[in-house]
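Look at the two complexes coming up: chain A is in both, with chain B in one and chain C in the other.
On to the complex of A and B.
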């Protein structure tokens, strides 16, 4: 296998992104750029899956780009997941942008370039590559967030996201620098070996240990910002609400998945040694605390929202909390079985979450049309009667987000909590489960408005839009939600085998 | 004898009943007479098929149940679910088609249920089982089975769901298709949770019940429906989340001890936990089930849900869904944690008597809204069922299961009857009614019959169930301790209170002067309502007069189950969790004994 083939998903995305930019520059009309973006994502995803089916990238080929880029099954799994998220988002953009007069071709190029950053981030085996990936991904997303130029909310969201994101990146970079100073390397595996080598033990060299702990804390801050864990979540609601909805979908699935994958690599690989990952002095209790805070705070605030998009933003924060439980479980007191299942649970969760969340935003897009976007609960009133074909997929995705069987979200949560209990964190699992009840309240509220209320007399009704692109995304996402829900076995096995390759 | 004569000999009671049914009613059209005749004949056929003699004359088949009726249980679960999924494609405007399709699917389910009567009950084992791998990575299996606990409840589900749906067609005019689909999914999920033995499958089915019921209450309910629907959903979901945590803990402990994953009840029953762990796990399960039952103090969702649900939803909620709490408690909470269930049994029985039977009855007495009154009477009646379960001897448990069926029939009928006046007057306030017996004689007669059944008059079904439960409670020194008798007395007091509040309703509604002018022109029962009520009234007397038909199949399961349970309680709880060795294939439910292994 040549290196070209091994890197094909990344190359396809790059070529596709550049071609779309050219096509945009030289064409009069750009209505079908969405199709191009979709094809780019789809073919990159197919190549990732093909690499997987051929048994992954052989070691001698993967060696050529190591340690900067790691081409293991974990990377391939995330490449496919990110491409799936990107494909769905570009379909949504294909319907949303023309409808709301935002049809400028840069959007698709930005989306693809940002996804390249995401893929690089997932594959990075070195802090430098990781930072390049992170910034590539973020800059595209900053631009997409403020894409509705005339809308003050969009500008505000983009600005907030940009400033806070830059700070977080700077803090993270500082952490990288300190880490380099302490260990003399930027490669994740090298850092692990250096930390495990013994010169960083509690008794040996306290000053270097302090440096490592400070560096770890700073890197953790950067990661928590990208995952949007409480208390680093302040940007999320504004950015999600301000951004055009396809960009929101992209942020909440692709950016989140890439950030969680990086967190897994950094915490479980670079800081996977005995000391950094101990309950007494390492990151696990911090992550557990973040998980609890994230779930509780996000769910409580989400209940009070009046704007569905903002509610989905908070719900996406809450889902980050469940994922962090998985991260603690993936450490699992060092129990190999619990650790493997924890990692696999995160991967499966992200896979199904990608479909569900993109689908939910897509359904929200479908509920509004030019001049009257559906944003508040009131806008959705009575839609179940007026337009059941729109309400039904929305219901499906919301039930999946709430974790009601047999939707895929239930299995995602189940496996996360199962691995948490297996790793000895029954209390975390119980908190997570009780939080699901809180969460069910605000998801159900959408159903209440969809099916059980009628619009206020005289209110401007949000008329559902018609778009082949969005409909296609709905069909694809609904089918996948049911598939992952009723037959999770196959994708779960893939997640487990991807989890095993993470080391 | 020639075959025609033999057939006639078998069928003559049904034919006679049909003839009587066709000729007795006056003032009816030909179609109505035909309908009544068919209903009467079907009811009698049902009874003759169940007659102990009839069962005995059938030559005992050498084949096992599973060989004779392959996949019978799967059919029962999936006829409504697949039917409901297909109904999504039915034309929305063609209301008649939608109605007939729904009834057709439910009729098919009913026909499939009739095959249950052909099963040979096997003592101490599941009568019929199916098991195939589902998600092999986690050892999840599609394992369903049937025994004496679930048998009558499944029959109850298949009988009552069509009745509830059929009677609702009279009052539900908008969004009929959504209504039908919700009902079909609900039915499938209820049957599914009654047969599931794999804890995962059970949980999926258990949660699947929530959404259709939520829609039934929230979309088709009355004024305060949204709040009631959300309250219902969140209460139940909070309980089931705790149960899920407990399930996961048990499954993973099994994995830690044996190295393989299994969610199968039969496997997990081999675990023996230390008492402290058992207490936690027991409450995880028990809270979920007690919320569903519902037992004091987590019963508060029920009156709201009932008051706001549409008639059909109330019938199903009261008649079947609440029973799933009792059933789940027996099957899973008691089945998995015998020691904890034994320790807490007496205390919970006290709660069932004071908080359920007596408090429920006192609350019912003070209600003005008839439907709310019936809802509180449900709390009271399910107190009896739980008392029977906690008393844990053959009489009381048979009484409990029988009382589940009884309550399903009588309270289902009561909700139906309350729905009848609500459809006509759009109020359920007791003060609005009076003297209705003069304008609605048939309605009053049926209402009184159902009232008698509900308060347990001898000859009706309620009497048998309550009698069995109370006599069981008196004899329950080993389980309820020294308080067993006083609890039986409390339950007896509850019967008196039940008579007080139910007869007060009957008196206020039907007798006295007809002084409200709005009630002067109320029409009597319509044909639709009559057809829906007839089977229930017949069943009230059939169970009341021939209870043996119903207790016999339960007995086969309950007797060995209690013996097995007591044997498991005898084994002292251990310091560290252990798992008993897998029994050889043919032995019945295993008895766990301390074995090697540790944490």
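On to the complex of A and C.
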């Protein structure tokens, strides 16, 4: 296998992004850039799957770009997941942008380049490459958030996200520098070996230990910001609400998946030694605390929202909480079986969450049209009767987000809680379960408005838009939600196989 | 104290040190922001000189290119955009901020004293000859670290496109108004206030 083939998903994405930009610049007529972006993401995803089917990248090829780009099955799994999220978001953009007078070609180029950053982030086996990937992904998303600059909400969300994001990245970079100072390397595997080796001498040199712990805390802050875990979530609702909805979908699936994957690689690989991952002095209790705070705070605030997009933003924060439970379970007191199941549960959760969340934002797009957007719950009143074809996919995705069988969200949550119990964290699973019940309230509230309420007389009604692209995304996402929900076995096997390659 | 220094080196160091400290004082003491920025330039150039003396020519060049070439120019750009005279005539800092500043400053002085009095200072490891030179840096960048170097082109690309996308977004979009009017009246309070503040800012910006 040549390196060209091994790197093909990345190369396809970069070629596609640049070609789309040129097509936008040199074509005089209106071009269907959304279709091009979809094809780019789809073919990159297919190449990642092809690499997987061929048994992954052989070690002698993978070592050519190691440790900067780690081409294991874990990376391939996430390449496919990110491309799936990107493909769905570009279909949504194809419907949303022309409808709302934002049809500028840079959006697709930004989306693809940002996804390249996400892939590099997931694949990074070294802090330096990780940071470059992180910034590439983030800058693209900052620009997408403030894409509608004449709208004050979009400008505010973009500005907040940019400033806080840069701040978090700087803290993380400081952590990397301190880690380099303490261990003398920036490679994740090298840091693990340095921390685990007896010659490092935690006992003999307490000042070095302090440096390692401060560095670990700073890196955790950066990761928690990108995952949007409470208390580093302040930017999320404003950025999600202000951004054009396809960009919101992209942020909540692609950025979140890439950030969680990075957290797994950093915490489980670089800080996977006995000391840094001990319950007494390491990261697991911190992550468990973040998980509880994230779930509880996000769900309580989400209940009080009147704006559906903002509710979905808080719900996306809450889902980060469930994923963090998985991260604690993936550590699992060092028990290999519990650890493998925890990792696999996160991967499966992210895969199904990608289609569900992108679908939910897509359904929200489909519910409104120019000037008659679906913003609050009231706007959606009675839509289920007026437009069953629009309300049905929305129902499907909301039930999946709430975790009701037979939708995919049910198995996502089931695997996470199961692995938490197996890893000895029954209390975390119980808190997660209680939060799922809490969350069901605000998801079902949308359904109540869709099907059981009639609009107030004289109120502005949301008029569904017509777009082939968004409809296609709805069909694709609904099919996948049902597929992951009814037949989770195959994708779960893939997740387990990917989880085993993470080391 | 300066026994093992060449007198010429000592003179060079003294010039750099005086320039650096003088520039730093000027940065915080000049009431005119442009003079402040120009003083900062002196500090930066003086520090670049010190790097040269420490046999780190690459670091010196980067210091000049990044800080003197880009950061200070950016400062000047912003000052010119806002208008050099728009600085508030009175000092807006209250007692609390001043106290915090004083505490932070004394902590810094304490830290400096502690670090300098630590016995490890003076026994620090010595870099090998050639460390930090342009040759050594270039060799490393284009051999072992080639992948991150190439990958950073994505970062530059996305920054350029992002800047263009945001800048083009300002073109007034003829259909933008009705969408705004459709925003929910019952928006959360914090957001409403922030949006108003933003609107006011844009207005004042237009007047300036």
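Just so we're on the same page, the second predicted complex is superposed on the first by the 496 of 503 C-alpha atoms of A that agree within 3 Å, B and C clash if a C-alpha of one lies under 4 Å from a C-alpha of the other, contacts with A are read in each partner's own complex, and residues count from 1 in each chain.
The rule is short, and it goes like this: a residue touches a chain if its C-beta (ideal position, glycine included) is under 8 Å from a C-beta of that chain, and two chains touch if they have at least 3 such contacts.
Keep in mind that this is a model prediction, so the values were computed, not measured.
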item	value
Joint occupancy of chain A by chain B and chain C, clash or fit	fit
Which superposed partner A:100 touches (first chain B, second chain C, both, neither)	second
Which superposed partner A:19 touches (first chain B, second chain C, both, neither)	neither
Inter-centroid angle chain B-chain A-chain C after superposition on A [Cα, multiple of 10°]	150
Chain B versus chain C as contact partner of A:152, first or second or both or neither	second
Partner chain in contact with A:171 - chain B first, chain C second, else both or neither	neither
Partner chain in contact with A:238 - chain B first, chain C second, else both or neither	second
Most chain A residues touched (candidates chain B, chain C)	C
First, second, both or neither for A:132, with chain B first and chain C second	second
Which superposed partner A:441 touches (first chain B, second chain C, both, neither)	first
Least Cα gap, in Å, left between chain B and chain C after the two complexes are fitted on chain A	22
Chain C partner contacts - residues on chain A that touch it in the complex	14, 21, 65, 68-69, 100-102, 104, 106-107, 109-110, 113-114, 116-117, 120, 126, 128-129, 132-133, 135-136, 139-140, 142-144, 146-153, 155-156, 158, 238, 241, 305-307, 310, 370-373, 375-376, 460
Chain B-facing residues of chain A, complex	384-385, 388, 399, 404-406, 410, 414-415, 417-418, 421-422, 426, 429-430, 433-434, 436-437, 440-441, 444-445, 447-448, 451-453, 487-489, 492-493, 496
List of chain B residues in touch with chain A within their complex	92, 134-138, 175, 178, 203-204, 207-208, 210-211, 214-215, 218-219, 225-226, 229-230, 233-234, 237-238, 241-242, 244-245, 248-249, 251-252, 255
Residue ranges of chain C in contact with chain A within the complex	145, 147-148, 151-152, 154-155, 157-159, 161-166, 168-170, 172-176, 178-180, 182-184, 186-188, 191, 194-195, 198-199, 202
